[in-house]
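So, here come the structures, one by one.
Shared chain: chain A. Partners: chain B in the first complex, chain C in the second.
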Partner chain A sequence: MNARHPPGLLEGAFLILRKDLLIEWHTRARLNALLFFALATLLIFSFALGPDTKLLEQNAGGYLWLAILFASLMALGESFRVERENASLDGLRLLPVNPRAVFLGKALGNAAILFGLSLVLIPVMVGLFGVSLALGLGSLGLILVLGCLAISAPGTLYSAIASNGQARDVLLPLLLFPLIIPALLAAVKATSLVFQGDPMSQLNSWLLLLGGFNLTYWGLGVALFPQVIEE
Partner chain B sequence: MDETPAASAPAIELRALSKRFGRHWALAGVDYTLARGDSLLLTGPNGSGKTTLLRLIATAISPSFGAIRVAGLDAVRDREELRRRTGLLSHSSFLYEDLTGEQNLVLAARLLGIPDAQNSARSLLERVGLDWRSGRPVRQFSAGMRKRAAIAKLLLKPPALVLALLDEPFGELDPSGIALMERLIAELLANGVAIVLATHMVDQGRALCRQRLHLQEGRVASP
Partner chain C sequence: MAQRTRQGLFALAVAMLAIGAWLGLSWAPPDREMGDVQRIMYVHVPSMWMALLAMTLNFACSIGYLLKKSWAFDSLAEASAEVGMLFGAVGLALGSIWARPTWGVWWTWDPRLTTAAILLVAYAGYLALRRFVEDPERRAVWAAVTGIVAFVDVPLIWYSVQWWRSIHQIQSSPKTVDPQMVLTLRWNTFAFLALGIFFIWSRYRVAQSERRHELAAPPTLPSAPQGLTASGVRL
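Let's turn to the complex of A and B:
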């Protein structure tokens, strides 16, 4: 046990990511609840608008991202609930683990869960709302990845902040929703272009906005997370 | 054991250490020095500030006023290095409920950079008498088993360890667990690790520790 080489930032992040995914695997009931919540959200939108298939198809991108955003609140809250139990996050801090590695690992884990959820929702969208993939699966996959990362970075940061408060379940959406609007707008617009076609070649602009949002908030998360998790 | 330039520095130096939660001062102006490798029994009634003091020294929380040095390392400036050299056995186990005992220890071992993390984790679980349940999620552990797993996690830290902070280490343990804890404390002391032991089992603590500090309403008092 003498020659110890503590992991660097990326290896530490990978260990935290692996730990979070392992916990999710052990508690699959929570993943199922997340999935059914997102599916129920899509169904409610579908029932609320009635049988107007044209309207459903036009707004399908918005419904998809709202379902992912609402489900993300559950996933993000859960991500820090497991850290509060037995003061596990204190355990990581005192080990010590680089807090930036903790942020990267947890944010990537949350993004992976949201991306997995979106992959299940897409076939449901195709069946329920009658959408077609005019620009192909590759473009949609890229939007889903960027959109999930864009929710996950500020979501993880704010979830860490909210987890210290008493009204944490209310605090997280209050903090996250106003901030996420540019990313949500870009993801919805880009997804709608994938469903309906892109005659004006607007897709790249929305992808650039999503990319810029990601760069900003992943950077902010890495920079600010150490202050957030210290007292 | 310790090869830092401050190898001769005391294990703990507290200067005017104070901690406020809201309007309540949990600790007020504590001064104390503990020599390297020495052992301190921390006593006091419930709410006297024992746990707060241990959490401050471990850097789990920050002081409102005053200074803490552990082995010459400043609790604010050198926080990361101090954490490497300090172990805290707390009321909270720091374990993930949905991971198994072994997975918890392997994770900690890998994050500490211990080569062959799996075998290190297994041997420590065996040492604390948990090998037969190491494949079960911590959620299914009894309070005593959680304490044993937390002890195993603490033992991952040597050889860098210079200070072990033990908050009610005998709590929830059965007689064999208490005997194990006493053996481990003796081993740590024999290896030059300073010990701070907070407990209401004063007689047991006195038998293990050379120094004593009594707290009353956040201040050092006569026992």
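Let's turn to the complex of A and C:
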């Protein structure tokens, strides 16, 4: 890093990402809370449906993504709450980096945390619901990465908005949930295909939808974020 | 002058709706299979179209605001989102009433229904955001961003739900439909359009005077200066 030149977009994004992950690593509070929250959600689903193993196995993909989505509300809210404290968002704004770098860094950080969470949840799903990975780990990994990125891009944009307003805990899900439906649907369907096999080869069209969603919202996020945090 | 035009538009909308009701209820022939039940189409379809039109207007105004930062765009965006919600909710309720005798259920997870429902929830979020943010400039920017982000989702929701499951009849081409039915639907569409423009216009005026009030009077002052109060301003 050269102190005399302001960092470019990607370098700036990387710096913000590193800062966020470092804060996360020092406290580990968010990650632990998220993990136990998501595990509790998975357990609750089992109780809500009764001990019907067949039913649980069939709907495992849906439970996995709902657990991730609910946990993402906490992760996303937290990612801007730390900036509200001590007004460090003003500090970020004054940095000689493109505000788009702040979006990319934050959104990638959130996606990384969600992905880490999902990696822990998969073995739990295998144990708890008895799912098997019919299509192998590779395609599941791809779905998890795309799904977490898809939640994180619009989530980070909305979290920046919601963290400012009143009733921020209500506002984020109110804005995010209807928006995320296509991505949630695609991720759930694709995950179910991985768990139960894909005789009609539908996996690709769901992955395509997830990819398209990601492209749209990462693009919109990069384009609109500077306006959102401008004071 | 503007006031006169607006009142005229309202009178026109009411007259057209009255004629449209007569056309739809007695002049147009009943449907061969659905009978008289199908007549609900003459109000269901126009209100859904108006909802889509209003939301498109909201999208355009959101982009306009981010580019030009003009209060007119923000007020028009607010007005169109609210009126869009109104027509969308009415259209969805009418569709549900139509579905009961024809499909046997009030609700089904058909792509059109599902997409419409998701859209309504998304715009409810948009309107909630507008209520929760007090600073008018911040609110305008965030609302514009939310309006754009929500509207861009429409095709994605549409495709995802279509793949997810697919009962709603596709639109009939005007060529295969009785010309009396086509004319009735067209007439009612224009009646709803007149009503929609009247609603949006009126709501826009209210929004503009709210903006003026918010910007003119700091919260510590007991009242706004005389010339800036809502009642004394012409648009």
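Heads up, the rule we're going with is that the second predicted complex is superposed on the first by the 228 of 231 C-alpha atoms of A that agree within 3 Å, B and C clash if a C-alpha of one lies under 4 Å from a C-alpha of the other, contacts with A are read in each partner's own complex, and residues count from 1 in each chain.
Simple rule for what comes next: a contact is a pair of C-beta atoms (placed from the backbone, for glycine too) under 8 Å apart; a residue touches a chain by one contact, two chains touch by 3 or more.
The structure presented is a predicted model; accordingly, all values stated were derived computationally and were not measured.
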item: Partner chain in contact with A:182 - chain B first, chain C second, else both or neither; value: second
item: Partner chain(s) touched by A:29 [first = chain B, second = chain C, both, neither]; value: neither
item: Partner chain in contact with A:230 - chain B first, chain C second, else both or neither; value: both
item: First, second, both or neither for A:48, with chain B first and chain C second; value: neither
item: First (chain B), second (chain C), both or neither touched by A:200; value: neither
item: First, second, both or neither for A:95, with chain B first and chain C second; value: first
item: Intersection of the chain A residues that touch chain B with those that touch chain C; value: 230
item: Chain A contact footprint on chain B (complex, rising order); value: 58-62, 79-80, 83-84, 86, 88, 90, 92-99, 103, 107-108, 110-115, 120, 137-138, 146, 153, 158-160
item: Contacting residues of chain A [partner chain C, same complex]; value: 154, 157-158, 161, 164-167, 170-171, 174-175, 177-179, 181-182, 185-186, 189, 205-206, 209, 212-213, 216-217, 220, 224, 227-228, 230
item: Chain A-facing residues of chain C, complex; value: 66, 118-119, 121-122, 124-126, 128-129, 132-134, 138, 141-142, 144-146, 148-150, 152-153, 156-157, 159-161, 163-164
item: Residue numbers on chain A that touch chain B, as the complex places them; value: 1-7, 12, 15, 19, 22-23, 26-27, 82, 85-88, 90-97, 230-231
